[in-house]
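Both of the next two complexes hold subunit A, though its partner changes from subunit B to subunit C.
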Partner chain A sequence: MIEVLASGPLVSIQDQGRSGLRRFGISSAGAMDSLALAVGNILVGNDPGAAGVEITASNFRALFCENIAFALSGADGSASLDGLDLPPDWVIGARAGQELSLRVPKKGMRVYMTVAGGIDVPEVLGSRSTDVKSGFGGMQGRSLVAGDRLQHFPRPDVISLPPLGFGVKPFALPNDLVEPDDRDVTLVRAIPAAQHDNFSSTAQSSFWSTDWSLRPDSNRMGLRLAGPELMPLEHTELLSHGILPGVVQVPPSGQPIIQVSDANTCGGYPKMAVVIGADLWRLGQVRLGGKIRFVKATQESAVVALADQKAYLARVAKASRLARRL
Partner chain B sequence: MKHVSEPTISAMGEAALLCESPRSSNDEDQFRVWEMSRIVEKWPYVRETVPGVNNLLVIFDPQAVTAREVHTALRRVWSEAAGRAPAGRLIEVPVIYGGDDGFDLPEIAAHAGMTQAEVVALHSGAEYVVYAIGAVPGFPYLAGLDPRLAKPRRNVPRVKVEGGAVMLAGVQAGILPVTSPSGWHVLGRTSLSLFDPFASPPVVLQPGDRVRFTVEELKA
Partner chain C sequence: MKTADLSDLASYAARKGIEFIEIEVEGQRYQLLVSTDVQYGEINRPSNQPAGSFIRSMAIGVLRATHPLRRTPAIAVGSAVRKGQIAAYLETGELLLPVTATDDGIVLKQLELEGNLVGYGTRLFALDPATEFPLTPEGIG
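This part shows the complex of A and B:
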C-alpha cells in the first residue's frame, strides 16, 4: 500500500483508457502521455495498460508502506526517494517506510508513477482511468488527495532488481522534430483534415508555420492555442460527427484547439488537421505557455512512426526483463 | 435502380475515415448510417464505428489496412446499405421549462418571434428521433425540432451547464446528461437520468428511440 502525503489538483489514476464506447459519448480518458505510462509499466514488469498515477505539474509526496518496486517515467520531476535522487524512466525497489517526493517538472508537464502489479481500483466501463470530465473511474472519479491509500495487485513472481534500480533511454525523436531546449517548442506531426482547404492559403500557411502558445485554460479535454486568427473562406455549419484525440478544430474564434484524452466524442467545428497517433504523447508534455508547431505528415509516414514506437517499447521490454534478472 | 448520392469520405488522421451524407440532415441517410455501422463494425480491421448525425466515423488499424482500401469499401457499403425506419421505444422526458431552469427561453422566444408559452408548445408538441449519442456520455442528438425554433449555437460556449439541461442549437435538440461546457441554448431542465456509469446499460437512450418532452411546469 502507498499513502499519498501531498498531492495537487491534477493528479489522477489513469490506464490506457476506455475503448469501444465513443458511440455512447464516453471519451477514452487515459494517460495523456501514453508512451510514458507504457514505459513505466514495462519497467516494473506490468502489462503496458496497467493503471498508474498521472502527476501533472505538481509537487507530490507518497509513503511506501511495504517493499514494492515502482517506476517514474515521463517528465523529470526531480524525484527523490528518502534523499536519493532518481532520474526519470527509472525503476527501483522501495522499502517500507521510504518516502518519495516529486517537484513540478522544469521541462515537460506530466510524471507517471507505476507500481509492480498495477494500481488496484475498480474498473468502470472497462477501464481504471479517471474520467475527470464526467466524474467517474480511477479514485472515485476525482484527483488524488493527501490521505488517499493506493492498493496494487499482487505480483505473482518476485521482482529482483539491482540495488539502485535501473533505467532506460527515452524514445529518440527524429532529428527534424527536435528544437533547441531554450525554444520550448514541441514539433508534432499532423495530417491535413477535411476542412483544411476551406481556409485561405494565408490561414493554412499560418497554421503550419506558427509557434502556437498553449493557453492557460488548456486541460485534458483540449489544448487551446493562441496565435494568429485563422478564418475560413466561408462559414459552414457541420453536422455533429465523431471526433478523436489529435483532431485540431478551429472554432469561430479562429484559435485552434487540439482535442485530447477527455475531449467530447462528437463535434461540429471545422477540422484543420489531425495530430498523428505516434505524436499524441508529446501533447501530454507541453507546458502551459509552451509552444507547439505542426509539421505536415502523411498516412504512410504516420504508420512508420507507429512502428518505430512499437519497436522502442519492445527494446524497453527486453532491457527490463534482462535487468530484472541481474 | 434507385439513385443513391455519393457520400463525402475524408481522412481523420491515419487511423480513421469520416463518411458523411452529402445532403442536409434527413431520415433516409440516418437509417443508412445505422445500417452501415452494423455492417462495418464487424470488419476485422475496424476498431470502432461512431454513428453521428447523418455520418459515420470508422476507426481502423492502420497497420493492418490502408486508408484507401477502407475508403473504397465504405463507398460500396454506403450505396448498398438502406436502413429501415426505427422500431425504437418511446421515451417521455418531463421538463420544467423556463425560469432559472430554462434561462435561455426568453431569448429563444424573442428569436422566434413568439411567446415563451408558444415555444414550449412547439417544443413539447413534437416527436423526436434519437439520431446519435455522443459529445458527452448519453447525450442524444434529436431530430424533429420545429424549424421555427432553430437558433445558431452561441458564439462563446458557457463554461458550465448543469446536467439535466434540455437544449437546442441550430436545428438540433438535445438533453445534457452530465454537467459540461456547452454552446447550446437551455429551455428547461429534466430530472430524468440519462447516464449512469455503474448501470447496465450505462446510457439510457439509443439511436432509433423516439422522445417526447412533457410539460411538468412552465415558469415564465
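This part shows the complex of A and C:
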C-alpha cells in the first residue's frame, strides 16, 4: 500500500485507456504519455497496460507502507527516495517507511509512477483510467489527494533488483524530429486530414511552418494552440462526426486544437491534420507555453514509426529481464 | 622471468586493459602496474590505499557520468559524495546500471572518459575518503 502525502491538482490513475467504446460516447482517457506508462510498467515487470499514476506538473509525495518495486518514467521529476536521488526511467525497490518526493519537471510535463502488480482500483468499462471530465474510473473518478491509499495487485513472483535499481535509455527520436533544448519546440508528425484542402494555401503553409504555442487553457481534452489565424476558403457546415485523439481541428477562431486523451468522441470542426499515433505521447510532454510544430508525414511513415516504438519497448523488456537477473 | 617475458606480459596487460598483475615465478614475485602516462622511471609499488578511495565499475558497459535525460553529471569533481549514492551509469544496449559510491568522500577525479567502455572493477572516480562527514540521512543504499 502506498499513501499519498501531498499531491497537485492533476494527478490521476491512468492505464492505456478505454477502447472500442467511442460509438457510445465514451472517451479513451488513458495516459497522455502512453509510451512512458508502458516503459514504467515494463520496468516493474507489469503488463504495459497496467494502471499507474499520472503526475502532471506538480510536486508529489508518497509513503511506501510496504516493500515494493516502483518505477518513475516520463519527465524528470528530480525524484528523491529518502534522500537518494533517482533519475527518470528508473526502477528501484522501496522499503516500508521510505518516502518518495517529486518536483515539478523542468523539462516535460508528466511523470508516471508504476508499481509492481499495477494499481488496484475497480475497472470501469474495461479500464482503470480516470475519465476526469466525466468523473468516473480510476480513484473514484477524481484526481488524487493527500490521504489517498493506493493498493496494488500482488505479484506471483518476487522481483529481484540491484540495490539501487536500474534504468533504461529514453526512446531515441529521429534526428529531424529533435530541436535544440533551448528552443522548447516539440516536433510532431501529422497526416493531412479530410478538410486540409478546404484551407487556403497560405493557411496550409502557416499550419505546417508555425511554432504554435500551447495556451494555458489546454488540458487532457485538447491542446489549444496560439498562432496565426487559419481561415478556410469558404465557410462550410459540417455535421458532427467521429473524431479521435490526435485530430487537429480548426474552429471558427482559426486557432487549432489538438484533441488528446480525454477528447470528445465527436465534433464538427474542420480537421486540418491528424497527429500520428506514434507521436501522441510527445503531446503529453509539452508544457504550457511550450511550442509545437507539425511535420507532414504519410500513413506509411506513421506505420513505420509505430513499429520503431514497439521495437524499443521490446528492447526495454529484454533489458529489464536481464537486469532483474543480475 | 626474463626481461622479454616481462615485456610481453606488460604488452598483454596493456592490450587487455588490465591495470595490475602480480605474478610469482620460481620464488620471485613480480608486480606490474600498467600506467597510461608514458613516464619511464621507477615503477612505484602500488600504495595500500583503502578500497573506498575509488568508485569502481561493477559491470561491463559504456560509462555515462551524466544520465541521458539530464544535463549535469551525477557527481561533480570537487563535490561531496555519500556512500550509497548513484555516482554514474553503465550503458549496455538500452539498459542503464547504476554505479554505487561505496564510500563517503570528496570526488577528486573522474578516471574514465564519458563514453569509454569499462569493465568489471575499472576505477571510475578517485575519492578522498572523508574522515568526518555531516550526519548521513538514514535509508540510503
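Here is the rule we use: the second predicted complex is superposed on the first by the 326 of 326 C-alpha atoms of A that agree within 3 Å, B and C clash if a C-alpha of one lies under 4 Å from a C-alpha of the other, contacts with A are read in each partner's own complex, and residues count from 1 in each chain.
Keep in mind that, in the parts below, a contact is a pair of C-beta atoms (placed from the backbone, for glycine too) under 8 Å apart; a residue touches a chain by one contact, two chains touch by 3 or more.
Bear in mind that the values here come from a model prediction, so they are computed numbers and not experimental data.
Participant: Considering only the touch criterion stated at the top, classify A:Gln98 as touching first (subunit B), second (subunit C), both, or neither.
Facilitator: second
Participant: Could you look at A:Phe70 and tell me whether it touches subunit B, subunit C, both or neither (first, second, both, neither)?
Facilitator: It touches nothing on subunit B or subunit C.
Participant: Of the two partner chains, subunit B (first) and subunit C (second), which one does A:Tyr112 touch, if any: first, second, both, or neither?
Facilitator: Once the two structures are laid over each other on A, A:Tyr112 reaches no partner at all.
Participant: Look at A:Trp212 in the shared chain and tell me whether it touches subunit B only, subunit C only, both, or neither; answer first, second, both or neither.
Facilitator: After superposing on A, A:Trp212 lies clear of both subunit B and subunit C.
Participant: Determine, for the superposed model, which of the two partners subunit B and subunit C contacts more residues of subunit A.
Facilitator: The partner making contact with more of subunit A's residues is B.
Participant: Is A:Phe199 in contact with subunit B, with subunit C, with both, or with neither (first, second, both, neither)?
Facilitator: So A:Phe199 meets neither subunit B nor subunit C here.
Participant: Using the touch definition from the top, say if A:Gly267 reaches subunit B (first), subunit C (second), both or neither.
Facilitator: The answer is first: A:Gly267 touches subunit B but not subunit C.
Participant: Quick check on the superposed pair: does A:Leu322 touch subunit B, subunit C, both, or neither? Answer first, second, both or neither.
Facilitator: second
Participant: Examine A:Gly246 and indicate which partner it touches, taking first as subunit B and second as subunit C; both and neither are also allowed.
Facilitator: In the superposition, A:Gly246 touches subunit B alone.
Participant: Show which residues of subunit A lie in contact with subunit B when the two form their complex.
Facilitator: 19-20, 22-26, 124-125, 131, 133-137, 191, 193-194, 237, 239-244, 246-247, 252-253, 264-268, 271, 274-277, 299, 302-303, 306-307
Participant: Which stretch or stretches of subunit C touch subunit A in the complex?
Facilitator: Interface residues on the subunit C side: 59, 67-70, 74, 84-86, 89, 91-98, 100, 137-141.
Participant: Which residues of subunit A touch subunit C in the complex?
Facilitator: 76, 81-89, 95, 97-98, 162-170, 312, 315-316, 318-320, 322-323, 326
Participant: Which of the residues in subunit B end up touching subunit A in this complex?
Facilitator: Answer in residue numbers: 8, 10-16, 18, 20, 25, 37, 47-57, 59, 62-63, 66-67, 132-139, 141, 152-153, 155-156, 170, 172, 177-178, 180, 195, 197-198, 202-203.
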